[in-house]
Structures are given as structure tokens and as C-alpha cells.
Amino acid sequence: MAAPAPAPAPTPVATPPVAPGASAEPLLSVNNIEVIYDDVILVLRGVSLAVPQGEIVTLLGPNGAGKSTTLKAISGLLRTENGKVTRGDIRFMGEPIANAAPESIVRRGIFQVMEGRRIVEDMTVIENLRLGAFTRTDGARAQRRDIDMVLDYFPRLRERTGLAGYLSGGEQQMLAIGRAMMARPRLILLDEPSMGLSPLLVKEVFSIIRTLNRELGITLLLVEQNARMALGAASFGYIMESGKVVMDGSAPALMDNEDVKEFYLGGGGAHRRSFKNLKSYKRRKRWL
Amino acid sequence: MASVSMRPCGDFRTSYKDDSRLFDTALTARIGIGFLLALYLLVGLPLAFPGLADWPVLGWFADSYFLSLGIQICLYGVAAMGLNILVGFTGQISLGHAAFFGVGAFSSAWLNNTWGIPVVLAIPLAGLMAAAVGLLFGAPAARIKGLYLAIATLAAQFIIEDLFVRLDWFTGGSSGAMANAPELFGFAFDTDQTYFLFALTITIVLTVLATNLMRTRDGRALVAVRDHYLSAEVMGINLTRYRVMSFGLAAFYAGIGGALYAHYLMFVSAEAFTILLSIQFLGMIIIGGLGSVKGSILGTIFMVLLPEVMAGGMGMLQATEWGNQPFLVNGLAFLREMAIGAAIILFLIFEPDGLAHRWRQIRAYWSLYPFSH
Amino acid sequence: DDGVFVGHLMDITGATGFVGKMYGPGVADALRYINAHGGIDGTPLNVESVDYAYEVPRAISQYKQWVSRNHMVALQSWGTGDTEALISFVAKDKIPVWSASYSGHLTDPTGKNPRTQKPAPYNFFYGPSYSDGCRSLAQWAADDWKAQGREGRPKFVHAGDNHPYPNAPREACGEYATELGFDVLPPVVVSLKPGDFKAQCLTIKESGANYVYVANLGPSTVSLVKSCKTVGTDVKFIANIWGGDKATLEAMGPEGDGYVFVAANAFWNDDVPGMALVHEIAGTNEYRTHHYIRGICSAFYMKEAMEWAKTHGGITGENIKKGMYAHADWVPKGLEGVCIPSTWTAEDHRGTMTTFIYQGSYKDGAVSIHKIAESTLPRRAEWLGY
Amino acid sequence: MNWELLFQLLLNGIIVGTLYGVVAMCFVLIYKSTQVVNFAQGEFLLIGAWVCWSLLVHWQMPFVVGFLFTLVFMMAFGVLLQIVVLRPMIGEPIISVIMVTIGLSIFMRAAVNWIFGQSAEAFPRIFETDVVSVLGLNVQPAYLMSLVFSLFIMAGFYAFFRYSRYGLAMRATAFNQQVAQSLGISVKTVFALAWAISAMVSALAGVVIGMVNGVSSALSFIGIKVFPAVILGGLDSIVGAVVGGLIVGMLENTAEFVDGQFLHWGNMLTIAPFWVLILLLVLKPYGLFGTKTIERV
Amino acid sequence: MSEKQPILDVRDVSLHFGGVRALSNVAFQVNRGELFAIIGPNGAGKTSMMNCISGRYSPTQGRIFFKGQDITGLPANRRTEVGIGRTFQNLALFGHMTVLENIMVGRHHLLRNNFLTGSLYWFTGARDEELAHRRAVEEIIDFLEISPIRKATAGTLSYGLRKRVELARAIALKPDLILLDEPMAGMNQEEKEDMARYIVDLNEEWGMTVIMIEHDMGVVMDISSRVMVLDFGQRIALGLPDEVINDPYVRKAYLGEDDTPDEPLPPPSVPPELAAVAEANAARRAAR
């Protein structure tokens, strides 16, 4: 079973740009950016990546590499954490958006699903979903239809009538993704969507991601720890470490890479290494 | 993994003991202690040899205006430190700190006047009495949280203020109570010079105590309660106990500050401990920096000096030809008030994390210099 | 001659600014006038007037600054809080103070009265103490009751905030009222901040009070009178020295008709010899309230005490204080008929036991004020400092 | 027992309490959208009342016109305030913002006292009669006007938070500004809206109170006086604010009754609400209608 | 095994929130030294179960015994003393404290100084006590390899690092039973391997009994001794990992496995615009 039958796919609100000749330009391009928190802590040191229209691109890397920071730099949310893009530029549909106000970036069609769910706890599921559609202007009826669509994707949420704060971790994750769907953006930045989800739901989420991409034409930049799933869904991947992109390539190429296999996929493809038997602490490879 | 420790390069610690010193480096320790010693000396010298008071620089340290500002900084600073324990460290906003300050002031005067307890003993006892009242009014903190608690403390402020006027036997009712100067071995601290040294000593002791508290078990528990009380509970911390205890501690410090106030002015009246003072205390710690012992003092300095500086500024404005404009002549006093309000606003816009934060940043900058960024 | 320094604390912007901005300029104008006319026999007064916004700490640091920097010899000050806080300091520094805080206990320089907590040897004020002011109103009310030919014991009630200033005369006055044959009802607490006092007025109405002593000042009294009129409370309001003046009556409008208050000097339009000087000091014909004029009196008593000091060993705080004791039934030169003859002695700082009682009336949108009585209380020993 | 007096006092409590409720609603509005406790609320009242007063007295405007002008002015004022002072504080610790409102209140009070003076001024006569009798209690007609207005305002607020997109946005902003921004909500706009509405409605209350008590700097104290009302109702509940206001109004008057008739302790009218406040909070830590914060791990 | 007394004995615990039945009559036992895993779909009640054991919630019905003692009504903060420690699914660090202080809080119940003796630091032995415990804490820090961030403020750490600090804090409690709520969420393969290592070591070398909620079936299969499956608040399976994983209901409801395989991946292709960025990144890497 793939995704539960999605509601008749409505046409995307944010139609991809059709300007001729624009196809050479990726939808989103990040050029050599540097990010500093609190005026002193340098976190990203020259990160470049591109997300073409209509693709799923994934960003992998260990904890603390700066993946979330990269996403926040794109969505402008960095500002709210006292961070700044101090060098390089970020272009969305050819226009610079580095350090722009987050709400204006959302209006342009970039929507970030933040790490750690971040739903509005003292609102109900429906209210959270309505909030997702805040920037939309296509009327209450379209939004109601979309709410139905989201609830079809995540039937569990339908039964949850209390405050969202009382949902279980996984339910909150569903809600966060559903909220992004409500915004109908051009580009969704997904920060670890599979975190805390059961295997079944991880599969569902990834098939939803593919559906979003294929049927609604939404482009995605996906930060994931579940590299197997991520590379399975994406067409291209970047690997970050210590604030730098250390490797990139098409998804199949990355999946074939020995280092990627070792550190992100858990040993050579088919036969998994057992967690139990890693008696000695492993070698560490760093691309520094 | 980025290490975010901000310590000067080349400063390595070889033992945990080194790592837990009061001052970050030997240098800051020397500067800090040296500064305080110099202060004692500079104030003490003209006191011992009155002739020195006429010397150019030493004279400033015998100037009772400066000293009275210093005394105010000490006594409000102690109380602000207490409030910072409650608000900054434990995360419970209090709008009733002035009331506890008042309890300390009245208690100390009462203990001394009615029971003949020497002032130097009455002051710590007053701290304890204030702490008892603090615990009483802090008890609801076991159940009430956040702004609800803040408003409950506002209620405490008004209730205690009302009691000040009501409890004649204790406070002298609406006509207030007299207080005596502290004495030690027959030596009275009744001039600005001596009282400054007296208050300074108490302030230093209480600052050290607070700093120690914050780096040991109970201090950490307070911060834990603020940052994440649910996980604090699972770490074995009794939430109720610490929430209420921080009220007691805050009130203790406030009480000592109030007692110092009483024995400096030698008169205590309920009028002095209004909600406005409570708000000023809050201003001190917010401006100084929440959750910083040092910040409490810095903020107090700011709040005590601000009106004085503004008054000075207005004096200068008055001296210019501009100052003769009729609208200014009448409005000078209002302008000063407005300037105080504006200073607070501007300060917070540009320094929302308080002076202590800026202090740390400057230090980090210099210790990383020339490799900042 | 470099002159001597006089500090002047006033409240323009603070909680009592409503009357502070009438009294303060009276003092300031008078001191300016004195300087312009030769100072203290040639010694100029270096005056600094500071608005301390009724904040005690500010008053203290200002005081300290004046003492240590300017060698202040005398202080003109203002409110209850700062005056009380400075009692010990001024006694130690030997700096006489003329305040506008008229609490009874300030009149006991030696601590004769057992109730006096701490003697206030360097504190002076011009005018009746709050207690004496209230006593004379009680006396007037007793007469008024009789004059109306009404029967039974009249009911007297104190209405004021639960604060040092309004509370100052409460017990003293209540005792005297009882002695005069009043039924003294439990006091009614009315906030110093104006508000809706209908609830209190209903209580007053219910209690059947006849005379309400208004212990607050300014806007609060306006609210009280208006609220009481709204609910239909039929009482006579009698107000202390800060509770009534033209500005207050104007704000009351028609409801202020018949409002009685106590004062300690002649009024701006009164036909008395000294009033010309008052007008000259003000430098204007615009109406000034009696608070302004009382400020002038306060300044002039100080001036003449300084003059005495100058000829008796120099203008020092100690000598000025003695200068205050040099005359009996004393009216500063040029202010005849304005200030009430006063006597201070080393044992008794009650300058005057005489008060004027005024009444406001409202007619066709205009407010006018008339003196309706003059009362002199006996200088009872047990009233000293109480 | 004097039943008639008690009845009159209670009635008075209800009438005064409605006004508390209106001011409390302004509080709640700002709290609900920004988590900020606005200590400058009282100054909004003050400014509103003075502006209206001078329009009527100095500019001789008819009441309705002057009143509308005042509302427009206050709205602009609220927006301006947001742009100049509060916008830079977006994303800063809430407690700093609360302190800013304290700074604002000092600033505004001084400015207003300078411009308008500190004496109490009476509003010109607006209604035909000075007093109207409600069930035997004489009250000023302004109160009846406010009663009507508050009903409208209450309904408006309720609908706003319930149905409007911006109402939802405000709640989200209060929950977490970062989250709100990530949803495309302009925190600035939300702030501007909240402050503008709050300033406007406060002005309305200021005018009514000014008509009853006279306009004076003491109006600003109402800002603190309504705290018990706000908290009794629950910080984030519009309905709670109104109920809280009514309770405080009746409580004050009941206290006055008990005190004036039996206890003679004095000052109960002011103090009793605070005692009740503490007791009630111990029993119901989120007020009567406040939402419990979610405690989950 | 069966003759040993279980360290934890959960007897028919039910937990209701209004209408929501988070747990219904769940019973199980955990033996001393076990590494016990709880799995189940999102919202199944796993975290709720853990909350009941750690004292956050008190069960609506049923009793919980720990080391033979009935702890059902014991306040949460007293449970550290009897030997229960835990980590949280949603991060619950003390954000403004340094990592070191966070872990020191874990020693709370082992320290004896109070605010009085603590204030007098040098004179009451508070310092010696602090230093002694500091040593223990440093050991934990070394064990978990977080010494570089010892002095970092916890709130600024990346997600994965915070999880590790949480584990450190829980270890600092010196519990006999440690409850881990999704310790590996948000980690990549390499980090999961590390974490698995730590958990196995904790269990085998430090001798702690572990109850772990985890969605990564690889980890669960490899390192746990027994697995319990919850669904809709009910225990639907309990047994050795191999048995449980082969339970058809588990396979369907949790793993979602008897379904059609994933849709075929999109054809691997590197869009031209990505090639340019990849080149630039490569050049930068070469330059370093």
C-alpha cells in the first residue's frame, strides 16, 4: 500500500515559474554562505547547494553539522535565533532572499517544517492546519478541502480533537507535515521528518513526500538522518560536516559510495552490520 | 562539533578545583579583589585622617553625595540580587519585592527598638524575618506559575503594604518607625563614610554567598526548575520546595537590603515600599541581566545613577540659553522623567539581554582578540 | 560675600505634584525676590530648586549632595516621606528645615510628649499642624451645628487614604471631636488617587455622617465630593489644608458649593497690607492659591531667622535655628496680614494655633472663596507633638 | 443587615466592574497575542481621555466627532508605538518587553503630565442629565454608555479570536514567535494590530472613566487596578476578563459593605480583592477561565 | 531468569485522559540487567508507560513495583532515590546551563549540601563534595565523548548532541533502571551505532537495567533482550526480538511490511544546474 488514497489532487496554488530560459537557474540556489550565531559563533563556512524545480534534494550529515542552520538560513528563521548570513547569497527563483524576513520568504513560497515538530500546542489539530494556510488567499472552501486531504493522509489526526500539545510525538510530526501541506508552497524545507515516527509511518511519510513532489509539483529540500529513505526518495544529495559540504552527487552515486555506506547506511547495503557486535569503537572518517 | 567555551586562549586548567574558581582567571581575580581593596582604602583613608578629605581625588571618596549613592547601590543591590535569585535564576517573576524589602526594614528597626537587639545582629535577623514572610507569601508558588504567580506577588505587595500601616505595634503604623545606626564595639557607623564601608562589607559577603550558592547543588536546582521544571522533577528535584525556597532566599536578601536602608535613613515609613519600588527592582535586574549575580549590581548602579545623571543633564540644559525657553523651564522636571523612561526603553532595545551579557561579550571579544569570528 | 546655600526640594512631577506645583514656586519666587532685594543684609542666597518627584531616595541623595558640596545652611523641603527620612540627618548636620509636611510630631523638638518617637529639633513648618488644622475644623463644625440649631450629637468621620499623610491627624482629631460632643464614626478609607468612590459614599450616606473630614488632597477630593453628590450623600465636607483651593473647587464645579477647608494665610484677593508684596513677588496678577502664599511665608520666616543669625554669630544652621526663637507673635516684615503671627520656642515648634476657615461657593459657573471663620485653639501641652 | 445598602453596593459593583472588564480585555488582547503584560495600559487610558477632553474643550467638537477622532488617533498611536518601540523588541525575551512597557509608562505619564498638567479636569457635559437612576442606585449616564459599548467590544473580541485568520495568527504568535514566523505570519503586523486595538479600546474606557471621575494623571493607576480582574478571569480569556472585572467590582463593594457595616478595619475595598485573588489562585492556578499550560514531556 | 525477582513489575496499568485511553491493563516485568525495548505505533502509549514508571503520570488503575517496593504513588522526584532515571522524547535539557551543569543536576540526589552550606562553600565541605562529583561527571562525559562541549550552553547545541547530553544527565543519576525514550531519534547511522554502543555498555558494563523506546527496528533487534509491543494502549506482544518481529500483527500494524514494495525510484539524473554547484563545491574542497 502506498499513500492512502489522496483526495483528488487539486492544482497547486504556487505554479512553477514558466519563464523561458529560466530552466538553467535552479529554483533555489545557495552560494557559498557563511552563518554566524550571536555575532561570534561561526557555524556555516561556505555552503553551496542547489535545488532544481520539481526535484527532491536531500542534505545529510552528522549531528551539529549545520544542516538545520542551512535550512533556517534559507527560510530566514535564522534571524529569530540571533544568527545571520554574513557571506554569500541565497537565491530563490533568481531573487536574493538571504536575511529577508521569514514571513516574506513564506509568501514567496518557501515553507520550512522545523525540526522537533513545533506545532502550536495550545491549539487544536484543525486550528494548526488552518494556521498552515495563513498565507493563502484562496478562500475558506479550498482550505477546508485541503484540511480534509491532510486528514486523509493522516487518519489518526482525525480522531484527535483535543489540544495538539497532548498528541504523541509521532502524531505531532504528522501534524507538522500536514501543516506544510496546507501552505501549498513551491518549496518545502523538511527538517528530519521521519524523526520519532514508527517504521510504518516513515514509509508513509516518504510516500507522501513523493506524492507532494509528483502530484502537487512541490520541490523539496530534505534534511534526514534516515539516509536510506532519503536517498531513496531524492534525486540528488549533499553531505555536510562541520559547516561545510563535503560530498555531493546523485542519489544512486552516493548510495554506492563506500564512506556513505559505512557512515550513513550501516555497512555494505544488503547485509546489515549488527549494532550489538560493534565491540570496539569504530574508525572515524572525517572529510576535513 | 563547535566548542562554545569562551575562555581566553592559553588558559588551561589542570584540576577541577581550578575550574571552579570564583573568578575565571587569575587576572580577573586580582583586578576584582584589588578594586575592592582600593575602595576600602580610598574611603577609609580620609576617614582615618580627615585632613586627606581635602585632597583632590581622595576628596571624592569623602564626598557624602557620592557615598550616599554608593550606599544606595549597596542596599538596593543586595535586594536586587535577591530578586535575581527569584526571577533570574528560578524564573518566578515577583512584583512584590519592595514589600519584603520593607519587612526587613521594619523588622530590623523593631528588633532594635523594642527588644534592644544590637543593630548588627538585628540586620541578619531582619533578613530571616523577611525570609519567613517571603516563604509565607511564596507558598502559593507551589501551585501557581508564570504570570499568574507574578500577579499573586503583586497582591502580596498590596497586602503587605496595607499591613505596614495596620500593624502599629510593629511598624509604628502610618507615622513610621525610627531606627538607630549600627554599632560595633562602641564604634557607630553613623556617617556616610563609615556606613558605606559597613554596607559595602555586607554587600560583598552576600555577593560571595550568592555566587557560591549558584554553583552548588541548590543553586543549580533553582536554575533547573526555571529551565525545565518537568525534567528537573525527574532529576530528583522537589519542585515545591525549591520554588518556595527561592522566595525565602529572595526575601532574605531583600530583608537585609531593607534593614540597611532603615539604619541608614534612621527612619522607616510605609510610603517607601510601594509597587513603584518593586518595579524598579525588576528594572535593575532586567537591565543588569537576569540570572547574573554581577548583573544585579550593574543594573542597580544603572537605576540609581540614571536619575542623578538625568538631573545633572537637565541642570546643564538649564544653564544654556535654550534652557530659558518658557516651555522648557516648566517642563524640565517632566523632561527628566521622560528621559528616564526613554533611557530604559532605549537600553532594552539595544541591550535586551542586560549589562551582564554585554560584559561577557566584551570579555569574549577581548579574550579571542584578534581572532574574533 | 559669596552667599550661603539654601536647598529647595519640591515636587512638580510626582505623586503630590498637584499642590507641589503651587507651593514650590511660592518658595522659589520668594527666595528669588529676597536675593533681588539685597539677600540677607547683603549676603546672597544660593538657591537650588530641585524637583525630586516625591521620591525619598532622590531627596536623600540630593540632600547629601547639598551638604557635602554646597555647605547648605538651610533647607526648604516638601513631603512627609522625605521630611521624616531627613529628621535624623538634619539634626546631626544642624540644618534647619522648613517643610510642607505638617505632621504633629514635627512640632516636638525635645521629645516632651511621650508619644514622640524621636524629637525633631531642626524641623519647622509654617502653619497649623495637620492635627491642629483638623481640630479647628472640628471646633468650627461644632459651632456650625449649634448655629444651625440642630439637635443631638453630630456625626464626624475621617475620610482619607491609609497613608502617613492623611492618617497623621486621625486619632488626635478624633479625640478632640469626641471631646466637643461629636460621635466619631469609623474612618472611611478613600484612595489618594482619584477614582470612583460611590461605594464609600454609600457607606457614608448610610452611616448618617454630618461632617466628613477630607484628609486627602487634590483630584482625590474632587472625586469624593462628586461621587457623593451622585449617590445623594447629604453631608458637609471639611477639608484639611491641602484639600481645598481654587483649583480644586473649580474642578468640583457645582458640587463644590459649600465646601469648607482650613488655611493659614490670607488669600490672593484679600485686602490686607502684605498682599501687595505677595503680588510683587509673584510678578503677575494671575490668581495664585493659598499654597503659593504659604510658600512665601515659609521662605520669609527663614529669611528673617537668617538675618538674626547674621547679627548673632553668622549664618549657620545652628544660629538660624536660634533665630527662629528670637521673636514672638512674629510676622515677617512686609507680609502683615498675610502670614499669621507665629511663635516658635526651643520647646515648642507649633508656630501658630490660629487658623482661617474658608468656604467655597459656586454660582453661574464661577467659583468664589470666602473666609467664614478664624479659630484659635488653646496651646495645650498634651497636644505638643500630637 | 442592611439589605438595601448591600443591593445598591452590588449594583454599583456590577457597573464599575464592567469598566474593569473592558480594560482587562485590552490587557488580555495584548497578552494573548504577544505574551506581554502591558504595564502601560493605564497610560493608554490617560492619553485617550486627555485627547478626547481637549478635542471637546479646546476644539469644541461635538462629543461623537471628538470621540471618533480619539479612537482613530489612538489607533494610529498604537501602530506608531509598535513601529518605534516594540518592533525592535521582536524575538527578545518577553520579560525585557514587559520592562519596556514599564519604561513606556514612565515616559508617557511624564509627557502627558507635561502637556496636560496634573490637575483633574472635568469633562464637559455630554448627557442631558447628571444622574440616572438604575434600580434605585444613582449612577452617571456615562456608565450606561460604557455598558453598551463593552457588550459590543466583548462580542467583537470573541468573534475575532474565534473566527478571524488574524485571531488565530495572534494566538500562534503568542505561543511562539519563531513558529509564527515560519508559518508566514508577520509578527510585526500582529503586534501592530494588537497594540492598535488595545490602545483604541483603552481610550474608550479612559473617556468613560474621565467623564465620571474627571480626567487626571491618576487614570493611569487603573492599569494596575485591573490586574486582579485579569488574573481572576484567566490571563488569556476574553470572557474571563469580563467576568473577572465584574467579580472584582462586586468584591470591592461587598468588602466595603462588610467593612463599613461590621468590621471597621478600613481599606477593605482596596485590599480584599487581592486577598481573594491569592486564595482563588491557590484553588484555581489558572484563574477561572484561563487555559492550563500544557505539561508534557 | 524466571526465578530472579524482577526489578520492575508493572501490574495491569491503565491510564486515561478524559476519553483518551492511553494505556489499558498493561502488565509486564523487567528483570535486573535486562535491556528491554518497547515498540509500537505512534500514539500507542509508549511514552505514557514510561511516564507512569518515572512518576510523571500516576496510573488511573494498576500498580507498579520497583525492586519489590510499590512505587505507584511515589512522587516523581523521589524516584531518583530508589534508582530510576530517564531521558525524554522531546528534548528536556536545562537550556541555559552548560552541559557540565546539566549533568551535575543529575547528581542532585546524591549531593548533600543545601543552600546554606552551599553558600558557605569553602567552610562546609561543599567544595569538596562538588569536586568529588565533578570527577564522576567527567567520567560520564568521557564515556559519551562529549568533552569538547562540556562548557557549551545546552540550548545552543544541535539536536543530536542534546540527546547525548540528556543521556549523560540520566546516567549521572546513577540509576539502577534507566528509561530511554527514543534515544536515537534524529541520528544518522554512525551516531546510532555510537549510541547503541553506549547503551550496550551501560547495560553490560555499568550494570544498569535499560528500558528503551525505539523505532529503529535494527537497533531493537540487535541489542534488546526482550521486546514489548504496544498498540492503542494495549500490550499486543511481548517476547524475544525474533519472536516479536515475526508476529504478523506487528508486521502489519507497526512495520507495515506485508505491503507492496516501495514504488520504483525515479530515474537517477543529475540536472545540469546541480552539476555546476557540485563543481564549485568540489573546487572549494580541493582548495583546502
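Per-chain numbering from 1; labels A, B, C, D and E assigned in written order.
The rule is simple: contacts are C-beta pairs under 8 Å (C-beta built on N, C-alpha and C of every residue); 3 or more make two chains touch, one makes a residue touch a chain.
All values reported here derive from a predicted model rather than from experimental measurement.
Steps from chain B to chain C, taking the shortest chain of touch contacts, total 1. Distance between Cα centroids is largest for the pairing of chain E with C. Note on interfaces A-E and A-D: more C-beta pairs are in contact across A-E. Each chain gets one centre point, the mean of its Cα atoms, and the points for chain C and chain E are 74 Å apart. Note: centroid distance chain C to chain D, computed from Cα atoms, is 36 Å.
Between chain A and chain C the centroid-to-centroid distance comes to 75 Å (mean Cα coordinates, whole Å). Chain A and chain B have centres, each the mean of its CA atoms, that are 48 Å apart.
In chain C, the residues touching two or more other chains are 13, 162. Chain contacts: chain B has residues 1-2, 4, 162, 165-166, 230-231, 234, 334, 337 touching two or more partner chains. Residue numbers of chain D whose C-beta contacts span two or more other chains: 110, 113, 267, 270, 293, 296-297. Within the complex formed with chain E, the residues of chain B that make contact are 1-5, 7, 16-17, 19-20, 209-210, 212-213, 215-221, 223-224, 226-228, 230-239, 245, 249, 291. Residue ranges on chain C touching chain B, taken from their complex, read 12-13, 50-51, 53, 55-58, 60-62, 64-65, 67-69, 80-81, 84-85, 87-89, 92, 103, 105, 117-118, 162-164, 167-168. Chain E meets chain A in the complex at residues 17-18, 20, 39-44, 47, 89-91, 156-161, 164, 182, 185-194, 196-197, 200, 215, 217-219, 222-223, 253-256, 259-260, 262-263, 265-266, 268-274, 276-278, 280-281, 284-285.
Touching chain D in their complex are the following residues of chain C: 13, 17-18, 21, 162, 186-189, 191, 193-196, 198-200, 202-203, 206-207, 218-220, 222-223, 226-227, 230-232, 247, 251, 253. Of all the residues in chain A, the ones that touch chain D in their complex are 75-77, 79-82, 101-103, 106-107, 111-112, 114, 118-123, 127, 130-132, 134-135, 163, 165-166, 179, 183.
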